[in-house]
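As written, the chains take the letters A, B, C, D and E, and residue 1 is the first residue of each chain.
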Amino acid sequence: MGEYKLLLANVDKPDSEKLETYRKSGGYERLRKALFEMKPEEIVEEVKKSGLRGRGGAGFPTGLKWSFVPKTDEPKYLVCNADEGEPGTFKDRVIIEKDPHLLLEGIAISAYAIGAHEAFIYIRGEYEYGAQVLERAIKEAEEAGILGPNAMGSGYDIKITVHRGAGAYVCGEETALLNSLEGRRGHPRIRPPFPASKGLYQHPTVINNVETLATVPFIVERGGDWYASLGTEKSKGTKLFSISGHVNKPGVYELELGTPFEELIYEIAGGIREGRKLKAVIPGGSSTPMLTADEIKGVKLDYESLQAAGSMLGSGAVIVMDETTCIVKAVYRMAKFYAHESCGQCTPCREGTRWMVQILSRIVNGKGRMEDLDVLLDMKNIMGGNCLCPLGDAALGPLISGITKFRDEFVEHIKTGRCPLGG
Amino acid sequence: MRAVIDKEFVSEATWNKIQDLMSRYPDRRSALLQVLHAVQDEKGYLDMEAIKWIAKLFKLPPAEVYSVASFYTMFNLKKVGKYLIQVCTNISCMINGAEDIVRHIEKKLGIKVGETTPDGKFTLITVECLGSCGKAPAMMINKDYYENLTPEKVDAILDSLK
Amino acid sequence: MGMVKVTIDGITVEVPENATILQAAMKAGVDIPYFCYHPYLKPAGLCRMCLVEVEGMPKLAPACVTQVRDGMVVRTNTERVKKVREGIVEFQLLHHPLDCPICDQAGECYLQDITFRYGRATSRFVDEKELYPTKFYGPLIVHEQSRCILCKRCVRFCTEVLNGADWNVYWRAAHSLIGSYESDKVANYFTCNLVEVCPVGAITSRLYRYKTRIWKLEFTRSVCEHCEMGCSLDLGVRENQLFKIKHRMADPSPWICDKGYYAFDYVNHAERILYPLARQENKMVSVEVEDAVSSIADKLKNYGEGEVAFILSPSLCLEDAAAVSSMAKAVKGLVDYRVYGEDYLPVKGNVSDIEDVESAKAVLVVGGDVAVSHPVLALSILKAKNAGAKVGVLSAHDIFLGERVDVFSLLPAGSEEPLIKELLDGNVDAIPDLSDEERSCLKDMLSGELLLVAGVRASSALRAAIYSRSKEKGWKYLFLDRGCNAKGLYSAGAYSEGVGEILNRVKEGKVKALVVAGVDLFNTYPNGSLVKEALESAEFLVVMDLFFHDTAMYSDFFLPITSFAEDGGSVVDLFWRVRRRNPAMQPKGLSRPVRDWLALIGEAMGADVDSQGQVAETGWDPLQAKAELLEVKGNTVALVEHAFYRSARYASWCSRFSEVAESPCAYISEDDAKALGVSDGDKVLVSGKGGKFEFVAKVREGQPKGSIVIDAGFDRFPVTLLLNGSWVAPVELRKA
Amino acid sequence: MVGPLLKGLRITFTHLFKPAFTVKYPYEKLDVHPRWRGKHVLKVDEEGREKCCYCGLCEAVCPANAIRIYGEEAPPEKSDVGKIAAIYEIDYRRCIFCGFCEEACPRGAIVLTPYYELAEPEREKLLRTKEDLLEKR
Amino acid sequence: MVEIVIVTIVKLLIYFGIMLLFVAYGTLAERKVAGHIQDRLGPYHCGPHGILQPLADGIKLFFKEDIVASASDKFVYFLAPALAVVPPVLVLAVIPIGDSITIGGKTIPLAVADVNIALLYFLGVTSLTVYAIMLGGWAGNSKYPLLGGLRSAAQFISYELILGLSIIGVVMLVGSFNLIDIVRYQKDMWLVIKQPVAFITYMIAAIAELNRAPFDLPEAESELVGGYHTEYSSMKFALFFLGEYANMVVSSAIATALFLGGWYAPVHWLSFIPGPIWFLIKTFALFFFMLWIRWTYPRLRYDQLMGMCWRFLMPVTLLNILGTGLFVILKNGGL
């Protein structure tokens, strides 16, 4: 099916981050259309029709999320989640750094749609350059009268503020993000109440991923039905995939949902490096269960197919591992990541991730015991679904899939006390 | 009671920036992270003095500010070198040889991960995903990204900084 | 509020619709284990120990935060729940040091109990435990970081109840550590609550540390004696030694202060006098009870009308007060309890319950430091603030509440009362050092519904002003007094013309015999030199107390009395409720309550002494207050106020507790400090009428120029010598 | 009738020459069973630090209420965990040598030795204090 | 005359010394025998194998507190123990431990007194023992001693008869009451062979007289606590004990003289051993026999004791007398 240039249409142009460049390609016309020609409810309806689902990982229908916002007079907020911390994911960075105005337009339209006058972009702390680009872009747009009070002369105020995180993966979780935005520790909150009713400053808040918001202008421009025509029956539209690891051409590619997995790896990303064989793929960021080379045969890149294959589309971060990769070490590295990033609030996640690392480090160092595998698998019973936020479940993804699918490799490590691949 | 803040603690530019940041949000406290960033940008790291000063600024107990600052990995609560080398060792970078890069830097600078060179110039730490998986392995020195690293490239970068 | 029906493990209960599953389970009598839930803190859902199965929910639900719905069916005993509980307990124990043999919490530890009930027999953990060092935060609490299970109850107490304190959680993930920012002390007066809320042995009391085991203690309910709040306490006694105090009943408040929790070990102090003493050739020697009683009776018999006077502590119980009063009647003598000053007679406030304070719309605290005199009341005021009330503190000295409220100003020591009076007249601008925001807030408060809390320093004149103004405007008012039973002693009629008057008459020789019960006048009466002269010129002095303090030095007879732990008595609390104590232990040695001594003496004299206390509900009419508002002239005016850790009864004999207040401080203004060239921690000299004293300077923001606050209550440091009947006096301040 | 009488005499007479079972006790001592429960000893570790940390379990488990303990904080040279018993008394007037204390002890600090000669001329001496019980090294 | 007095005094001292030694070591022997029969060692602590035990016991008894029951009849109370020792000591006078020896041309009989009615004397004096016991039992003013005393009296009267009747056979054969004569009569053949029945009944009666097991009903510990001496302690108690053991020695010595050939060696080739030694050996053998009996048989019931006396021993001894009479008549050639 090949690449489909929708979100990434502008990124290769010179000075793509400038307002001028953006306006040349029809920029902010969609905002004008929304502000002047459409009622907020219509926009929500269009988005619902488009079948757009959250691109951050959970895949919750965006239109539905917006419709949860109560129609009251209290202040409402829109938060753009640009805390792209999931290992393997770097798709939002492209939009932020190369086409910030697309994002701003998306935010403006969405804010209008849900009735918010204030929007925040929570960008991860490491993307300092991205934050600067966005701030410059906001300034440009405000000076041009596009954003700010009385946006485009419509009488509707839209204020966008860039908020930098400071290095905490868990802040990608929406309630933790809200806490972080309020200047607190990034601890996820207990749900209910959900952010849609009590979010930022205890007011209704919508939190959307960068990619989701950046798609909104196109839906407004060409209609929900048009967007729904892309992709498959249930997974509609296009999606950015960031592919990394042992492929010849790693990078961000925009594909229609439903593109065969193998096409992405072998054709678009140029195949495995040095002609080696594929061993395993993590299809949607490190928290999704990994798939073996056999399992991805015939699998299409959409929400349903991947779920059927036993994994998730997630944030579309494909990490490709060839035959030289030691799965035990990879699992160990990911467990270490989750142990480092757990917020430390709830017991199963805090203690479970730490224990995982302790056990895996023993196995990697050749001091594993066969009982350890049972203990690791048993963690699913204790952590799975019992944590305050999804981080605990995320930590289980690579662990459980790694042990079940590559058990031989673990057993080999334990029995011989060293890595069969010589790592 | 009227609180008196010692404005001299930071430079005027930073003070103005802080004032701007604090006026941006519906709730003043939201600016805490941004103010911590701003003060760290000026001072290099956040010591107890800085924490206390910020606490007074926000009318919060210092313990609360310290608690927030210590939650986020980007705030240095101890002195770091002039160049803070942050090498990503997460999965994508790892399978592309980040560990070799770390070992190479350790050897070159003669320090271990988490240490600072005796001349106070370099501090080496490993970090989680920098969002540069497509150009792995990657590292960040202060605020700049360096991607697609090889030992030779690292040598060149470090030499240019010396 | 509507009620809903919930079925838990087959038991159907009806609960309010905003109740949680855990609360419903408690009502149904179903045991759901928990660590982080606390009935008086907001639920946090952190420990995941209370996960239960709810019909129709795919995931397990945390019972402490999940609200009930009508017809909800909950199961707590399914295999899935059991397995998760087992897992969570195992996880909690992974890096827990398992040092129960050493841990003081053992025996009342949630983790121990829950592990015993729900845990697995063995752990699968073979790796190394991560342990952290033990931290000592001052002489009162100790934090064993390794034992912490990060339930954050302590942190939540500090943020929700104290509105932020130097206690928080740092770092993140499994390496989260809880502690103090300053890392060597915790500077608030409620640290004992950290001990009380900690479900495991992470935070424990140093006073009780390692002394004995909890199951060896027998607990008796009693009432705190340090202030009028009358907090319910459980006294833990083993072998007639008082080892531990616990606070397990939310009456009046779910929280308690350090005074009540730590200042009790004087009861066991080795220096306590346990046998009657008599002066023989300028030496105090131990005598038989019969001899002492008959000699005292013989002496007292010889005095005529008005020649005997009784001064008693405002902390004595009602029964003692009744006995003193009837004894005074029998010998036609004078009696008074107002040892802290002249004219503070209790006024019955129109607040009948602590809930009235907590539900107030606006609270204004004047004339005293509530956190020192009535610490728990300060927490109630904060609770009102958190519920949306506006709170203001206008006082010459405040160390806790002021930082946490909407309006706060430190008034000049000498003109505190006139300024407040002016404010009550509507002149908001009279109060110095307020921001515009605070000024408008104060204006709002004064124009609406208001609760006026008059602190212990508010004199009769100010009380009268508050009373009349409140009547006019329909405000509520609450009058605080020093001593735990001032209101009771007042209603028992144990007062006459004031302690000062009695002392003057003693000095003049009109009163010849003096009986002082339960109080060291040098520490309490704000005129040290008068006390000294009076005691020196007294013909016959009987002191009844626990310790041989400075007043006792002048005594002819010393009779040992019982402490609150050994004596069952009644006290009247701040809200005029009679509270009954239970004796927790046998009287030590030959000590006995004041009333018993008086009954013995009365018997020997042939007088009938009544020892049944009664509360008369007569209210003093503050409008008759005669005293003038105080005016002090001088460059520097000092306010003498007991340091918190020195304001407890017998603080000098409370080993660890008195250690916290290291040395007496003087709070001085930034201007004065600059003028004198001193900075924080330097020594300053304060000299006045009766002497010269050295203090550690504390430069305080907001302290008015020319006004200083100095600490009293330290051993061999009679700062009352500086005073002249009032707690404010002109002094000279110099650099030491 | 006479036969059985004579038989009795014969039996007793032959026993005259059988070796005696008697052990000449103060001069000769039998080895007691290794699990004999005699006098208690409070163990110390290799560095001479007291093992007992006053967990109070022996005190709690003692069916005869013969043990009385109070604890205190201790410097590291006296205890590896910072807590020792300030008072440790076993009242041998009450002790029934059931060995529950040994069984309850989580640190192996209290051990019942095979030593059984506990008689004292004065009753008061049967109240053994920590000094009497502490293992000497 | 003076010589006679001196010789008598010397003999008295020697006799008394031997007797005391015998009694003292008798107690030790009792305990040792009891011990060995029960596979124990007996006293072992004082001296090698406990041989100084009697000394230790003596010292102990001397220093024990002398308790006098307050309700006792004081005079009788003090008298009784003294009475217990007197009879055996008196009997001692007539016991011949050897044939006469000649020193310096004078013939000295090896008995304190050579009395021709020695046997009658013996019977008469020993029967006084019962007074000591009865008085002791009475004096304590206590139920157990009283019962013990009464039992003792009944027992004494009964068995005194048997004792006398047993001896009659011997007297009939020898034709003399003189013990020396009786011994000399046995130079060739011991009377035990001629009078076996008498010997047996004599021994039974003697043991019963001595209140020793299995006839120790007067002091039956299990029922009467200690019988007549329950209220006695210290030296008074010791005197009762002394009396009992002295009685045992005396009874054994008389039996030796009557039945076991006194100082004669059992066979002629052993005659080189002096007579007194033989006498003591034989006495000790009988003494030992009493101990042996004690540690072998259980105590009889009271009715068995009495029944045995009157219904069995009485006829047997009478028959024995009849038989002996017939024998003597026949031997002397008939009437």
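In the analysis below, a residue touches a chain if its C-beta (ideal position, glycine included) is under 8 Å from a C-beta of that chain, and two chains touch if they have at least 3 such contacts.
Quantities reported herein were computed from a predicted structural model and do not represent experimental measurements.
Chains making contact with chain A as well as with chain E: none in this assembly.
The minimal number of chain-to-chain contact steps leading from chain C to chain E is 2. By the touching criterion, once chain D is set aside and every other chain stays in place, the chains split into these groups: A, B, C | E. When chain pairs are compared by contacting C-beta pairs, A-B ranks highest. Chain C has the Cα centre that lies closest to the mean of all protein Cα atoms in view.
Relative to chain D, the most remote chain by averaged C-alpha coordinates is A.
Distances between chain centres, each the mean of the C-alpha atoms, put E farthest from chain C. Chain D and chain E have CA centres that are 51 Å apart. Per-chain Cα centroids separate chain B from chain D by 65 Å. The geometric centre of chain A is 24 Å away from that of chain B, both derived from CA atoms. Centre to centre, using the average C-alpha position, chain B and chain E are separated by 116 Å. Across the assembly, chain E contributes no residue that touches 2 or more other chains. Along chain B, residues 67, 71 each make contact with two or more other chains. Those chain pairs judged to touch are A-B, A-C, B-C, C-D, D-E. Every residue of chain C that touches chain A in the complex is listed here, in rising order: 43-49, 51, 58-60, 62, 65, 83-84, 87-88, 90-92, 94-95, 124-128, 130, 149-150, 152, 169, 171-176. Within the complex formed with chain B, the chain C residues making contact are 159, 164-172, 180-181, 402, 408-410, 433-435, 438, 701-702.
Residues 168, 185, 190, 339-348, 350-355, 358-359, 362, 369, 371, 375, 378, 381-382, 385-388 of chain A are the ones that touch chain C when the two sit in their complex.
Within the complex formed with chain A, the chain B residues making contact are 24-27, 29-34, 36-37, 58, 67-68, 71-75, 89-92, 94-96, 127-136, 140, 143, 145. Contact residues on chain E toward chain D in their complex (touch as defined above): 33, 35-41, 44, 292-293, 295-297.
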